[in-house]
Structures are given as C-alpha cells and as structure tokens.
Amino acid sequence: MPTNREIAAFEAGIKLGALYHQFVGAPVSPKTAASMEQAIQESISLQPYVQSVQVKIDRKMLEENAFGYGELQGKMIFAQVEIDYKGEVIRARLEYDLDRDYPMMRLL
Amino acid sequence: MPTNREIAAFEAGIKLGALYHQFVGAPVSPKTAASMEQAIQESISLQPYVQSVQVKIDRKMLEENAFGYGELQGKMIFAQVEIDYKGEVIRARLEYDLDRDYPMMRLL
Amino acid sequence: MPTNREIAAFEAGIKLGALYHQFVGAPVSPKTAASMEQAIQESISLQPYVQSVQVKIDRKMLEENAFGYGELQGKMIFAQVEIDYKGEVIRARLEYDLDRDYPMMRLL
Amino acid sequence: MPTNREIAAFEAGIKLGALYHQFVGAPVSPKTAASMEQAIQESISLQPYVQSVQVKIDRKMLEENAFGYGELQGKMIFAQVEIDYKGEVIRARLEYDLDRDYPMMRLL
C-alpha cells in the first residue's frame, strides 16, 4: 500500500506531466506570455488535490521565428505545484536545468 | 500554382487544426473558461496572416466530473479566424454541428 | 528530503500525466488503435526511470463520428507504467473508473 | 461561396495544423521514430477527405538530452498530405525551411 505522502508525490507528478505535454508547442510571444501563464495556472489548478500552481514563462528564451513569434518549449517553463493529499503537502517544480540542458521536474 | 485565395483558405485550415489539437484535453471549468479562451485567442493570433481569432467555450457543455471540473472537448469550442493573405480575406469557423454530432470546421 | 520511494511515485505520475495530455485528442479508429498504442508505449518508455509501459485503447468505447472515425479520450485508455528509481519500484495505472465516470490514475 | 478547390486547400491546412500540434512535444528517439511516424500517418489519415499522409521524422535532428532521448519538434517533421474534395486534389507539405529556420507549411 502506498503511503499518503507517496500518493501526494504521485499527484504532483501528474500535474507537471499534464502541464508540460498539454501546452508545449503552443504559439507564444512576450506579448501573449501572460495570458498563457494564467490559463495554464487556472487549468492545472482544477485537477484533484491541487493547492496552488504558479507558472512563469521565460521571456528571454522566447526566440522569434521568421514570422515574429515563438513556440512554448519545456525549457522556458518554470512551474511549481503544491499538492495536499489528506494533509500530506508536497511541492514539486519544473525548472530548466542549465547544466543538463533539460526541463527538470523534481520534488522540493 | 495555387491562387492566393487557396493559400488563404489553407492558412485558415492550419489555424483551426492547430487550435483544436493544441488545447483539446486541457482541464477547464466555467470559472476558468474565460482565461482559456483568451489564451487560445492570443496564441493563435500570433500565427502568420491572422487578422483576428475569436474563441468561445460553451459553458453549458462543460460537464463536471467526479472531481468537479471538466476537460476541453472539440464540440465545446466555437472559433472563428480571419486570414488575410496578400489581400485575399478568408474567414473560417469551428462550430459544433448538432445533426452530425461533430465539431465542424468550414469556410464561411 | 523526499524518499526514493516518493521520488519513484512522482516519476510515475509524470509519465501518466504526459501520456494522457500528449495523445488525448488524436484521431483514432479500431483499425489504427494498434499503431497508436505502440507509439505511445515506445514514446513514454523513453522517459527517465521507466522500466515498462503498457497501453491499451478500449475499442468498444471508440465511437465513430459522422466521418467514420473517433478521437482518443482519456476514458478509453488503460495504461500501466513501472518505474525504478534507485531500486525502488513503483507501478501506477490509468484506468477508467466506471462509478465515477473518470479516467483514474493511481499507484498500485 | 468558396470553390471546391479552396475547400480542399482548407482541409489540407487542417490536417497539417492538427498533425503538428497533436504530436509536437512527444518523447522520441531514433529507435522509436518509426512507430511515431506510423501512428501519426494512420491517425491523420482518418480525417475527412484524406487520400494519403506521409510522415518522416528527421533522425539527424533528434538531439539526445541528458537522459538519452529527445522530443518531437516541428522542424524535425516532413509531412505530406493529399486531399480529395469532390474531385479537387490538393497536396500540401510541412517541411523545415532552413533559411527561415521555420517549419513551413505550404500548398504544392
């Protein structure tokens, strides 16, 4: 039987995996990043056991293509979720790891 | 060689296909539908040759699951895009077709 | 500090969240379900700490629309992942919960 | 009223937009590229008026991250669709444009 803390960690993973794979690929620019951040936050906040979601898109990484916009990539996303499963509180983060050049997800 | 009007129609199709397959599956509820609509509009507006994008999520179709939220489905989305390719203006729409029970995309 | 078992549970959650939100919305039919299952399995198997992934799409739930095909929905997917994080092995499952009418993800 | 040829062009756009935004972001590697190509081809082939779909993922562009795999990006995808709408046949292509560093979609 998993512990409540393991379940909370599992739920945190679901949220970050969902957030990433739902929204990566969406067109985005410095002007539209704020509305994308808010939509992602509100959307993922609906999922079970979520206490809070913060999302920040790195404007500096947003490269403009030949048509003047960019695309949401995993490495541009900072996201932190807080899960409360039966009193067990877990926080997890998606954050670009420069050394590995990888959008790292981890428990805090 | 395609005509400019055919290219405009092609571009309109790209936008509706993108909009649909990028965002379908996202958690959504009556409370968060407005931020999702705005994010989709602003995101798709960035793509080439777009003059305007309107998106409306049908709140009445948003069924709450056991955890009190829903998921964006194609049939809930009304979307209209206006494309201008070298002066050729094309409008296209995604709208639920009740008779066919299908999220229909068509040129206006 | 999270335990290795909590990290394994977190990683399992990531995989199921990713699988769901990457592929839900894709056109699918009884004839194409097998290639979709295989692509999802192989794709998610690439992610860190995955030992195995099994995916089964419920053909009976695949309703044909007016154009003779369907769309992948969460409730059609049975998926099981096995994670090994530093020797801690965790299995998790996505499976339709009929009572709640919800595509339930849980640790086994 | 749009011509049948404009509608065929519109339908071609839908398919390429769908293909791109459904599958970009999926984990992929040289070993799994073939099953992803097949799943995408079969999936998009189901959509209305499609005569054929060819998909090729550029293995040379597939960079391995710190965990030994990559992610499907638009610029890696070569895709060609053939649409037949009431006898009007249109072919369209998604192909990386090196000069613009952009995954270009165009009518042939």
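Here the chain labels run A, B, C and D in written order, and each chain numbers its own residues starting at 1.
Operating definition for what follows: contacts are C-beta pairs under 8 Å (C-beta built on N, C-alpha and C of every residue); 3 or more make two chains touch, one makes a residue touch a chain.
What you see is a predicted model, and the numbers here were worked out from it, not measured in a lab.
Trainee: Tell me whether subunit C and subunit D, two copies of the same sequence, contact each other through the same residue numbers or different ones, using over half shared as the line for same.
Mentor: Both copies touch with mostly the same residues.
Trainee: Looking only at C-beta pairs that count as contacts, which pair of chains has more of them, A-C or A-D?
Mentor: A-C is joined by more C-beta pairs in contact.
Trainee: Go ahead and align subunit A to its copy subunit B using Cα positions, then give the rotation in degrees, nearest 5.
Mentor: Angle of rotation between the two copies: 180 degrees.
Trainee: Quick one: subunit C and subunit D, Cα centre-to-centre, how many Å?
Mentor: 24
Trainee: Can you work out the whole-Å distance between the CA centroids of subunit A and subunit C?
Mentor: Centre-to-centre distance between subunit A and subunit C: 19 Å.
Trainee: CA centre of subunit A versus CA centre of subunit D: separation in Å?
Mentor: The separation of the two C-alpha centroids amounts to 27 Å.
Trainee: List, in ascending order, every residue of subunit A touching at least 2 other chains.
Mentor: Within subunit A, the residues that touch at least two other chains are 18, 20-22, 25-26, 67.
Trainee: Using the touch definition from the top, list the residues of subunit B that touch subunit C in their complex.
Mentor: Of all residues in subunit B, those touching subunit C are 20-21, 24-26, 65-67, 71, 74, 97, 100-102.
Trainee: Can you list the residues on subunit A that touch subunit B in the complex?
Mentor: Interface residues on the subunit A side: 18, 22-23, 25-29, 31-32, 35-36, 38-40, 42-48, 67-69.
Trainee: Would you tell me which residues of subunit B are touching subunit D in their complex?
Mentor: On the subunit B side, the touching residues are 2-3, 5-7, 9-22, 90, 92, 105-107.
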